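Next come two complexes, and both contain subunit A; in the first it sits with subunit B, in the second with subunit C.
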Partner chain A sequence: MKAIKDLYKAVGLPICLLIGFFIFIAVFGKYLSPYDPNAQNLLKASQTFGAEHWFGTDNLGRDTLSRLIAGARTTLFGVTLVLLMAGTVGMLIGTISGYFGGWIDEILMRIIDFGLSVPSLVVALAIVGVFGPDFWNMIIALAIAWVPIYARLTRGVVAAAVNQPYIESLRVLGASRTRIIVKHLTPAALGSVLIYASADAGVLALNIANLSFLGLGVQPPQAEWGQMLVAALPYLEEAPRLVILPGLSLTVMVIGFNLLGEAIALAKNPRPMSKRRLFQRRREFLKEIAA
Partner chain B sequence: MMSGGLINIVDLKTHFRDRRTGAEVKACDGVTVSIGEGEIVGLVGESGCGKSTLGRTIVGLERPTSGKIIFRGEDLLSLRGRRLAESRRQIQYIFQDPYSSLSTRQTIGQAIDEALVINGEKNAKARRKRTEELLAAVGLPTQIMDRYSREMSGGQRQRVCIARALAANPKVLICDEPVSSLDVSIRAQIMNLFLQLRDEMGMACLLIAHDLAVVRQAAQRVYVMYLGRLMEIGESGALYGTPSHPYTQALLSAIPDTDPRQERARQRVLLNGDVPSPVNPPTGCRFRTRCPTAQAICETSPPAKVMGPDHIAACHFAGEVNLAPTQH
Partner chain C sequence: MLRIALNRAMSALVLVVIASVFSFILVAAFPGNVAALIAELRGGFVSQAVVDKVAEEYRLHDPLLYRYGYWVADVMHGDLGKSLRTGEEVSKAIEKRLEPTLVMIAGGGIVMLVVGLVLSFCGAMWPGGVIDRFIRMLAVVNISIPKFFLAAMLIYAFGVMMNLLPTFGFRGPSSWILPSIAIGLVPGALLSRVARVSLEETMSRPFVITAMSKGFGRRRILFRDALPNIVPVVLTAFGMNLAFMIQSAIVIEPIFAWQGIGAYFVDAARFRDLPVLQSCLLLFSVLFIIVNLVVDLLVMVVDPLQRRAMRG
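Entry: the complex of A and B
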């Protein structure tokens, strides 16, 4: 409870509200959306902002607001799944590597290095290319592409902790290997992994949108922001709001997660990040979004 | 030398392989130590002489290359499984740095409680009571249980580490420089705590230190180690009164005297050069490359000369040289 309170204090109200808002509409979206996001009504197609359809309708007469809400759900569900899978597998590999060291560490880390050297999106593209475009294939592809970074992160923390006197004194006391790993090494790594994941969620949301934009992820008619973008492209001139609205939603979500990750990292880091370092990070991040 | 001790380390060798060069580092190279029941024994030597390696090998943190660790009549290196764990538990280790010896994520109560759980105590109430007893035994108030280690001073943390080690009901404590990272004013308190544990619980201690002065106050017998080998062994009074090995004499001459007149008369023995590499130690006497009295004969292994009861020096000229005659 105290940890949650500390976290809230560190992150601040605005970011909490922003992230809370996205999570809220993702969870309760079904009850909030005024229309069925997939219901077509050609009689009311391509309407602009209005009283009946607040954010208008698309070329097939589907309610844009409902589709945006459904898109938030799809994105956050996907991000959560990928982070859970990649985090679990990555932490497992990282812990094994860091705890045992020696040749096990060597072999696992060379494989991880290989995974890290190939851009994650390329790995995901290759896997989707082989297994075909589909929501679940995309999730698994992204999870596989995201494992190396979490494995590397965990391994670093575990390898640094395993020779610390507090772990060695547990060994002298006769603590079992399971106890040391489960009760001491994993929690030590979990902190870093969660900090990283909170910022990484934004990058993943972007990648899910990217893949869906390319037609490799979420398939129509399921609503997803990237998929909405690509469907709206032909009507860019007549109805720019169809492109701008999902794009804006995505941007705000990604920025939200980044600020969250930054705030947590800042709070957990005993040596605060300098202003210059912060700006540098933001610049890198903006470049990533622009790309 | 005592042979019927509680723990006898016989000709222990712990060699490491340097990962880059593949060379064999002879950190601890044939050391024989015995500790009696309820006895405090000092182990002194400069950095890198292998004294920590010896301690870590005894508690199983390093794998020995050869030798025996006989604890209560059984060789730990031939024991396996439950019986090994049972014996190991009775030999506990106190680390030099009390700051990194405690998890930052546990309160003091939780850390000691966990040690009791590992030791097999299942009843939470009994564990709490025992935790309070242990804290009292090391002179800490029970309110400290809910605090994190970062909220405490170095001396308090070291006490907590000792309490946690006591949770395993050990017979021997191996203390690796237990006071060298503490303030001078706190050192005496911790050293007195070891004396108190010996008097009240019959705890045996191996006090590892790089400074003969620290050990003097508490240890009954002292081992002087240099470059992986023992140089001199002696009952405290004899070793400090009539040091027979040139290395011990040099170490002792480095201790300042509190009496100004004695201090002015103190002759320091300055050793030249650095400690040779433990990868390729000198033949014969390990100390001969830095010894002011070294002769040709020192290239052959020095004999273990008996200087008195419980007093042995590994030097060809033991008892014949005195580098600093006016000392102690």
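Entry: the complex of A and C
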């Protein structure tokens, strides 16, 4: 509980509100959206902003606002799934690698090195290409592409913890290998993994959009921002709002995640004090004394 | 020095080998009957005899290890197989499509360097000023903006509204401008931040205070004294971002309808063109590994501190 409180203090209200807003929309979107996001109505196609359809309609007469809301749901659902999968598998590999060491560690880390040295989108694109474009294939592909980061992260924490006195004493006390791994090493790594994941969510959201934009992720008619944008691209001249709105939604969401990640990183390991900050701090200190 | 460089090259070589294994396994793991798929793509009546013939041709009955060996030997000879869709030789197609991608990455590199250095030096000239704060804000916004959205907005602003620049196709230098900006702007903002932070750090070192007390102006100190100090950091960041541009090209090329290798990769993924997919994955991985290696070696040569640390 205290950890959450500290986190909230470090992140600040505006960022929490921003991310909370998107999560709220994603969860309760079904009740909020004025129309069915996939319902077509050609009689009301290509309307601009108006009272009936607030953000207008697309070329098939689908309500843009409803589709934007559904897009938030798709993106956040995808991000959560990928993070869960990649986090679990990555932690498993990292723990094995860090705990056993030796040649297992050597081989696993070489493979992880490769995964880290090649951009994730390239790996994900190749995997989707082999298994076919589809929402679930995209999720699995991204999860595979994201495993190395979490494996590396976990391995670092576990390898550092394994030789600590408290693990040593557990072994002396007769704790089994499974008990040490599950009850003591995994929780130690879980913190770093969760923190990294919160910062990583933005990058993932961008990549889901990238793949969907290329027609290799979320398939129409399911609403997703990248896919909405590519569908609207031919009408850029007549209806730029159909391109701008999904792009803007995605940008704002990713800004939220990135600010969150930055705030957490700053709280975890504050920047060395620059001269300017030093002066500022000194002034505050003087004010405190004067008061 | 040489030993460390060789060591670095060796580990890059190991990565290349793993890349080749990965590229191979991925296609070998194709769900379903590859031979049947190929036979189907070739058109005509698909019978068991045809499927068997295809399997024979692609050596699909051989053990995996043998197939990997054959494949590596072929790749070494520059034979990447033929596209399943068009029947074109993959190596020839890649050769033809290399030019647009290289132009885009070169243009993006220039944009990145200009944007990054100009912004960071302006920020360092007037620390805490409007530009300084603007850079900080811009960096967050810029890493959050989807590349395809940025490209679409550039097309809208310069192509549709002002009607200044061509937005479609690879036709001469004027059509190179928008893609270069689209691919280079985000890395430029990242670079500006890296350069700005290391400039700030350099400007708080004692030798800068000495120079100030000698009465030199801020501009002179920035360019004559601080600039050489941030070169290794900027070079590393530049190289890393340049490598990542190879990835961005995948998304940007289709928007501007450029026939580069990024677009080739996407097409292959769309149509399950296995040999092309395999070759592209290998090509991108190897390119990425090589760029990173070259940057590491360059920094080794440029940075006197690293050189001294290695000698000692």
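We take it that the second predicted complex is superposed on the first by the 268 of 291 C-alpha atoms of A that agree within 3 Å, B and C clash if a C-alpha of one lies under 4 Å from a C-alpha of the other, contacts with A are read in each partner's own complex, and residues count from 1 in each chain.
The rule is simple: a residue touches a chain if its C-beta (ideal position, glycine included) is under 8 Å from a C-beta of that chain, and two chains touch if they have at least 3 such contacts.
All values derive from a computational prediction rather than experimental measurement.
With the C-alpha superposition on subunit A as described, subunit C and subunit B fit side by side in the combined arrangement. In the superposed model, A:L266 makes contact with neither subunit B nor subunit C. Of the two partner chains, subunit B is the only one that A:A188 touches; subunit C does not reach it. In the superposed model, A:G202 lies in contact with subunit C only, and not with subunit B. Looking at the shared chain after the overlay, A:P133 reaches subunit C, while subunit B stays out of its contact range. When subunit A is checked against subunit B and against subunit C, the one touching more of its residues turns out to be C. Using the contact criterion defined above for the overlaid structures, shared-chain residue A:P165 touches subunit B, although it does not reach subunit C. By the touch criterion defined above, A:G174 reaches subunit B but does not reach subunit C.
Subunit B and subunit C never share a C-alpha pair closer than 15 Å once the two structures are laid over each other. Overlap of the subunit B and subunit C interfaces on subunit A: none, as no residue is touched by both. The touching residues of subunit C, counted against subunit A in their complex, run 11, 14-15, 18-19, 22-23, 26-27, 29-31, 127-128, 140-141, 143-149, 152-153, 155-156, 160, 200, 204, 243-244, 246-247, 250-251, 254-255, 265-266, 268-270, 272-274, 277, 280-281, 284-285, 288-289, 292. For subunit A in complex with subunit C, the residues that touch the partner chain are 110-111, 113-114, 117-119, 121-123, 125-133, 202, 206, 209-210, 213-216, 226, 229-230, 233, 236-237, 240, 243-244, 247-248, 250-251, 254-255, 257-259, 262, 274-276.
Every residue of subunit A that touches subunit B in the complex is listed here, in rising order: 164-166, 168-175, 179, 183-184, 187-188. Put simply, subunit B touches subunit A in their complex at residues 59-61, 85, 88-89, 91-93, 95, 97, 100-103, 105, 114-115, 118-119, 161, 164-165, 167-168.
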